[in-house]
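Order as written gives the chain letters A, B, C, D, E, F, G and H; numbering starts at 1 within each chain.
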Amino acid sequence: MNKDLLLKLLQEVATGRQTAQDAAQQLQHLACEDIGYAHIDHHRSLRKGFPEVIFGEGKSAEQIAGIMERMSSQETVILATRVDPMKAQKVRTRFPMAQYHLEARMLVWMEAPTPTVGKGSILVIAAGTSDIPVAMEAYITAQSMGNRVEKIIDVGVAGIHRLFRHRDLLENASVLVVVAGMEGALPSVVAGMVSRPVIAVPTSIGYGTSLGGLTALFAMLNSCSSNVAVVNIDNGFGAGYVASMINRV
Amino acid sequence: MNKDLLLKLLQEVATGRQTAQDAAQQLQHLACEDIGYAHIDHHRSLRKGFPEVIFGEGKSAEQIAGIMERMSSQETVILATRVDPMKAQKVRTRFPMAQYHLEARMLVWMEAPTPTVGKGSILVIAAGTSDIPVAMEAYITAQSMGNRVEKIIDVGVAGIHRLFRHRDLLENASVLVVVAGMEGALPSVVAGMVSRPVIAVPTSIGYGTSLGGLTALFAMLNSCSSNVAVVNIDNGFGAGYVASMINRV
Amino acid sequence: MNKDLLLKLLQEVATGRQTAQDAAQQLQHLACEDIGYAHIDHHRSLRKGFPEVIFGEGKSAEQIAGIMERMSSQETVILATRVDPMKAQKVRTRFPMAQYHLEARMLVWMEAPTPTVGKGSILVIAAGTSDIPVAMEAYITAQSMGNRVEKIIDVGVAGIHRLFRHRDLLENASVLVVVAGMEGALPSVVAGMVSRPVIAVPTSIGYGTSLGGLTALFAMLNSCSSNVAVVNIDNGFGAGYVASMINRV
Amino acid sequence: MNKDLLLKLLQEVATGRQTAQDAAQQLQHLACEDIGYAHIDHHRSLRKGFPEVIFGEGKSAEQIAGIMERMSSQETVILATRVDPMKAQKVRTRFPMAQYHLEARMLVWMEAPTPTVGKGSILVIAAGTSDIPVAMEAYITAQSMGNRVEKIIDVGVAGIHRLFRHRDLLENASVLVVVAGMEGALPSVVAGMVSRPVIAVPTSIGYGTSLGGLTALFAMLNSCSSNVAVVNIDNGFGAGYVASMINRV
Amino acid sequence: MNKDLLLKLLQEVATGRQTAQDAAQQLQHLACEDIGYAHIDHHRSLRKGFPEVIFGEGKSAEQIAGIMERMSSQETVILATRVDPMKAQKVRTRFPMAQYHLEARMLVWMEAPTPTVGKGSILVIAAGTSDIPVAMEAYITAQSMGNRVEKIIDVGVAGIHRLFRHRDLLENASVLVVVAGMEGALPSVVAGMVSRPVIAVPTSIGYGTSLGGLTALFAMLNSCSSNVAVVNIDNGFGAGYVASMINRV
Amino acid sequence: MNKDLLLKLLQEVATGRQTAQDAAQQLQHLACEDIGYAHIDHHRSLRKGFPEVIFGEGKSAEQIAGIMERMSSQETVILATRVDPMKAQKVRTRFPMAQYHLEARMLVWMEAPTPTVGKGSILVIAAGTSDIPVAMEAYITAQSMGNRVEKIIDVGVAGIHRLFRHRDLLENASVLVVVAGMEGALPSVVAGMVSRPVIAVPTSIGYGTSLGGLTALFAMLNSCSSNVAVVNIDNGFGAGYVASMINRV
Amino acid sequence: MNKDLLLKLLQEVATGRQTAQDAAQQLQHLACEDIGYAHIDHHRSLRKGFPEVIFGEGKSAEQIAGIMERMSSQETVILATRVDPMKAQKVRTRFPMAQYHLEARMLVWMEAPTPTVGKGSILVIAAGTSDIPVAMEAYITAQSMGNRVEKIIDVGVAGIHRLFRHRDLLENASVLVVVAGMEGALPSVVAGMVSRPVIAVPTSIGYGTSLGGLTALFAMLNSCSSNVAVVNIDNGFGAGYVASMINRV
Amino acid sequence: MNKDLLLKLLQEVATGRQTAQDAAQQLQHLACEDIGYAHIDHHRSLRKGFPEVIFGEGKSAEQIAGIMERMSSQETVILATRVDPMKAQKVRTRFPMAQYHLEARMLVWMEAPTPTVGKGSILVIAAGTSDIPVAMEAYITAQSMGNRVEKIIDVGVAGIHRLFRHRDLLENASVLVVVAGMEGALPSVVAGMVSRPVIAVPTSIGYGTSLGGLTALFAMLNSCSSNVAVVNIDNGFGAGYVASMINRV
């Protein structure tokens, strides 16, 4: 439930189009709805500016579709992350308004195109081809939350000149999301070139001592550039979410 | 070298008060000065909006004072972190204009009081008494970089009601820095209450399975709140720096 | 073999309905029975107040059914944990009196409804939807061992107000079992609200730095609340078992 | 502030010996007192049945004495843990009523001998001589919280017969605290002999692969006995605290 | 090639039944034979008293059969470990003289029953049912190498009295192999009861903090009994091999 | 108490030189003596063939001397390990019969020279100069327990030819103790040359990825030679003890 | 694009066979080509002496074939690593000039046989049969980059005499690549015998404490031989590449 | 003993200036000299082209001086690493010809200036000021072994433009040694710019998740540049040694 819907409800009460009792019941119901396998936190979009996001891993297509249906009555945008193609197809059978983004493995439903609320633009950079899914999760998340988003793909530090060709994009971004696996060095280099906050996302790409992304994570936390903060391994969604929050400050 | 100093230099050339040749020499020298044990990156304040910060650990008082002296000719604010009291006293013998903040273990020099450039205010929260030094490092850093900063101390999750008494401060902050050791749970709880970016700082406080702060770090990266990004263990400076960057977006 | 069965046997000897020799042979046989792939410890219910529990993982349906059959002659309640649905179906073909609890993945057989022996009530709390299987293992275990058990599901720390709605349940419980994955923060918050022992159960839910549950485990061991003790990752059964023991003190 | 003190205050209001306004001010002040370096949570003994305990490590003698003084006006018992002998001496110069327990490294102050509130008795067992300090921390904590406590020292599994000589003590305890370092095997063996909850405390005693107590901790969490729950490495205080909570169920 | 075969060859040269040149060629060929995917070390049985053992994991049935064929011309006993049932069946199609031990997952070929060369007897003890495969690998290895071997299964420390019933077997063994997963406590208890060398084998049985056997391994290395040495996780073969070596000292 | 002392006591009873009652009292007292900070297990030499060994680390000189005095009345040999020179001097002030071995950091007391009871000889090999203290601990332990012991020092795998010069010693040993830090490769190479059991001792020598000896430990457990068993990091005493046990099989 | 192709293009401009404008366009296009899922770095062979190598894992056969096609217009040799047989077959359907090396799991395309540019010869040594795939990846890489390459297979340290038979090959090599899993000891032994740089490659072969190759890696980094440098676990390609670079110094 | 000294000795025998017997004795003595606490491997300079290097850590000044004296009779250059200033002073009292390099913590003795035997030049790069000691160890080692060596200090990736100013030095080096702590990103960036082998040296500089250099090490092993090989944490000596070997190929 976003603020607009709440205001509309209250105005209906104020203008007598709805009794206070009915409105109270609706509000109580909205706060936290128990649908058996989950407590949907309908107040979150009021409290936090964006509704709860559905983490698709480990949920069945039926559960995802069910939660989306309940939420669609009260929200104007719904995101579901980590949904594989087969599950997405099943969800869309029941909830066909949702759009599926294959690379990002996300389902997105919007009542109407989200208006742009972010102040500047967010730039998503991926070090290598294999980091694309995580980068796209950040990209779609930031876009769905009402931001202008740009992206640069495959500009790892082994050929650092490829990055320098995009100096304009770098300097015009308000926030940067930098996605990298293996040695996780790209965020340090990028952050050294800009005066903006950089959200670094380690990925589990690599083998041997990449340790499922821990090496990239630790390298990013040890960045010799000070304008870097980090999210969990492969957490493209979280990076896009934090970047959106920053872009509204 | 900040933008103002650069503009002044260029205007002197434009107005003939200084030859182009002299200015070129000055600029080249300013870009990157080799003082034996370090390359001072004088261009950083131009490129990144804030000069290099001196990491005091492992540097002698002489080295710190030396770098401060060089920088003071071209910058308007200088920070040195991780300076213990004895070393601070020695630095101040040679460079008495620097002010020492005991709790934060920082030396700060400002040509003049920093004007407030941050848009909103930054709130620094510390879970426990032992987390104060790290929290104060974030506090002084953010303040020195031109932000309004507030703080709340000793509001850990074992007595969560203490936190709720400060709901106003929480809701009015533009960015929050949350410092916690042991189980590192506070950032999740705080982030669940606000719609702003939260920078979480794990500390090495604890024993046994706190693993020198790794447990708090990992807990924060696994936060079930999405508006959380994390910096290195005990890195109060980094949190204050990123928060400042965010507060200027 | 529980105390009642033993008393009955001894009374039969005392009243001459059975010779001492026959009874001795039965008792010796009962103490520890070798059925090839296991030594069934029939004395455990005498010594520890509850019979051995069958750990279903890695045992075939035939082995589980075989052990249940042997035990059913001497016990009044039998539990088998970590039994997947397909295996459960096979066991029930051979041993149809066992009831299967799908969410808890447990098989339970009772000669008669277990009388309530616990003094107060046990409250099981799960942080998220994905923690339900582990929470239900604790729930069914505690229930089968003769306790009144309540449960609250999906009240993680990112929306801590959901927890506060259940203050009554929290304050009336004698022992609490709190199940959480990811950052494992819920037990600390709950324990800060009550004056009762809290058994924390970390789950392997999460990704990246959740490290298969180690992060939640370590966070719980570092709880800043003192009334918390911890069991192994995903060990819902152990938590239910210890809580039962506590509820009889 | 315990319940008795609260009742007395309210009766004074009821009988007019004190105005409601004065009482309100006192209560507000009592709830949470800020003494600069800490927020003392005076309501904890109301909420949790026992006042906050002072973790002495990293606090100066002055700070410990200061907190004790404030608390002594509102509590009837105060504990400070991890206080080394030299610091203890200094605290006692300023706060001489506190008694120092050398082996447990604890300071204890009681207005009057604590009445026994625990139902049964608590048995503390230490595997080896080096585990004594941790075991004594549990012992003194449990005793100060109003329990009958017994102890057995130096009965490690390499000479398991030493343990069997104490079968009576084992069987009569309501709760057992078992402290062990190195391979951490003792809690499993003890728990296999009793039908009571066992709180296992790993210690950092050992070298090489003892990994500072992690090996003992992990072994205890993997106990093949089900009536075992675990606290953090070297956390004798926590074990004594949880055992007390259990002994009041 | 064992010593007997070598002596026979040399006697044939001595008695003129074979020329020195032919014998030399045979010996050179025997020392180290290259069959494409492996160098068979035919001298090992001369140098070490027992031929190379085939590690079946990662080798195809064809490769195993091929190596067995080559070895059978020069050895009197051949072992292949870690052979699953399907692969074993294929090997036996081509090399039908090999016998398959299902529980131990081993293929054994002997020209004739191995004479008993070990001095005393070896006792193999397994803590739980799930440890049987590893224990049987040790059992079959020790038996194939010419030792009298006994075994006790399912006598874990949670019911330590089960172990005491076998005191005779324990005291009569020359060497003991003790196999345990989870907390790995059994070798310490066993070693405390005997004056013989104990070879401890950690297994990967367990979950959560069993860490794939590392916890049991570290616990065993930290044993408070001094007569314990340890082999790799799940390395039943190595334990049986070392025990055989010890039994010949 | 060794077997000879026990026999003597029983013969005195048999011949009337001592009453049964007196002997019983002595025996009971001998079994397990409580001296405040330790339970001395006087029966261990009966049960295990050698008395308890005093682990000196963390014990005061007074405690070590005290335990030695008590034991000296009932044993013929006493060992104390990990005793630094200063502590040793203090112990010898009170218990001057003890001999101090500086390199091994051990105190040894013998009533009379230990008769040789081991069958063959034990060979101790150290990879480098820095491994000498651990190797000497093994050497003195094995010698004190009645074995012929040889040693070879500084023959690491970077100059493997140095090892080959000692082929005779290698081939004549019954048991080998091989001590190595850093990459821990020596036991594999040695074990490949002999048909005897090899006890490998990893040391904490090295830096960086030696990880305090874990790398050497893991390498030894992964030895491609099958006749290797391992003890804890720096546990020279344990290696000498196990080797002694093996040499008596 | 190698230097020869560049020279040819420039000569065509110089001789008027091509306009400067056309050449500029070609060169710009060549520098970095975006084909949707990758930025092909066509300048790499100019800058680094060898074109980018395709890491086949996680790329589809279509993607691999597509990249090979683009590169084949500008390069004279192309390598793709980590290509399984089924994928290789598909690639070769579309790009049949590529040759597949099964053991090395590599696809290689050469316009013409690579001329030998390395100065000396490279020797690849594998400790065991299971290490062959990694060793062959190094072998094929080095060969494709224009080096004479030799190999020795299955000469682990448990039978070190097998290595000594190849002393000639060892002494004649300019660079050595030594591949080993398990305890990773072979590089130390080999490096102790030669005065040439040794590139050590740890493999993930082993079980239990081999920790997926980390043990071999750490052992190699701790080598007591100084002429050893190490690459990532299973990184045969990297070892072959570095060895090639060294062989051209 | 280097080749020149050996030739001279043999010529003296050939020309009758020395008897064969005397020479034999000398040679045997030279091969491997036992001086109590070490076996000096005098043949190493023959076998490996450079004498053994003394690892100073854990050796007394007397031991270091003693070994230097023995070696000086047969070698023309001697290195001792990890010698702190106080120990260096003591060594030089007894062996004054040794020169001490404070930054590198090394003692170097040369009979005469080492002739340059390396083909090209070696470039040593340090990311930060704190990495200087490790970089200087590499520098002095390479120089002492007869190479032209250059160095660049303080050019970390947070200000990557500082590196680009040194493009000439980078392109003219035959081998590069790159030293970095924290996130360890510099070797990847440098290696992406050159076609020469890069030896990466992780340092223990950093805090929190730098994990004593493990993060930098793992990042370097995961480098997306293929011409990188790695040595142990802080092992500047090893890097200089390997680089020297490479520069002679």
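The definition used in the following text is that a residue touches a chain if its C-beta (ideal position, glycine included) is under 8 Å from a C-beta of that chain, and two chains touch if they have at least 3 such contacts.
Quick caveat, the model's predicted, so the values are computed rather than measured.
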Treat touching chains as neighbours and tell me the shortest step distance from chain C to chain F.
-> 2
Would you mind naming the chains that touch chain A and likewise touch chain E?
-> C, G
Comparing centres built from CA atoms, which chain ends up most distant from chain A?
-> F
If we define chain centres by averaging CA atoms, which chain lands farthest from chain E? Would you check?
-> B
The angle in degrees, nearest 5, through which chain C must rotate for its Cα atoms to match chain E is 90
The distance between the C-alpha centres of chain A and chain G, rounded to whole Å, is 39
Could you tell me the distance, in whole angstrom, between the mean C-alpha positions of chain D and chain G?
-> 62
CA centroids of chain E and chain H: separation to the nearest Å works out as 45
When centres are defined as mean Cα positions, the distance from chain B to chain C in whole Å is 50
Residue ranges of chain D touching at least 2 other chains are 159, 192-193, 208-209, 214, 217, 221-222, 232-233, 235
Could you list each pair of chains that touch one another?
-> A-B, A-C, A-G, A-H, B-C, B-D, B-H, C-D, C-E, D-E, D-F, E-F, E-G, F-G, F-H, G-H
Counting only contacts in the complex, chain B reaches chain D at residues 129-130, 132, 153-155, 159, 162, 165, 205, 207-209
Sort out for me which residues of chain E touch chain D in the complex.
-> 127-128, 156-160, 182-185, 188-189, 191-193, 206, 208-211, 214-225
Show which residues of chain C lie in contact with chain D when the two form their complex.
-> 47-50, 53, 119-120, 174-175, 192-197, 199, 217, 221-222, 226-233, 235, 237-239, 241-242, 245-247, 249
So in the complex, which bits of chain A are touching chain C?
-> 32, 37-39, 41, 44, 57-59, 202, 204, 212-214, 217, 232-235
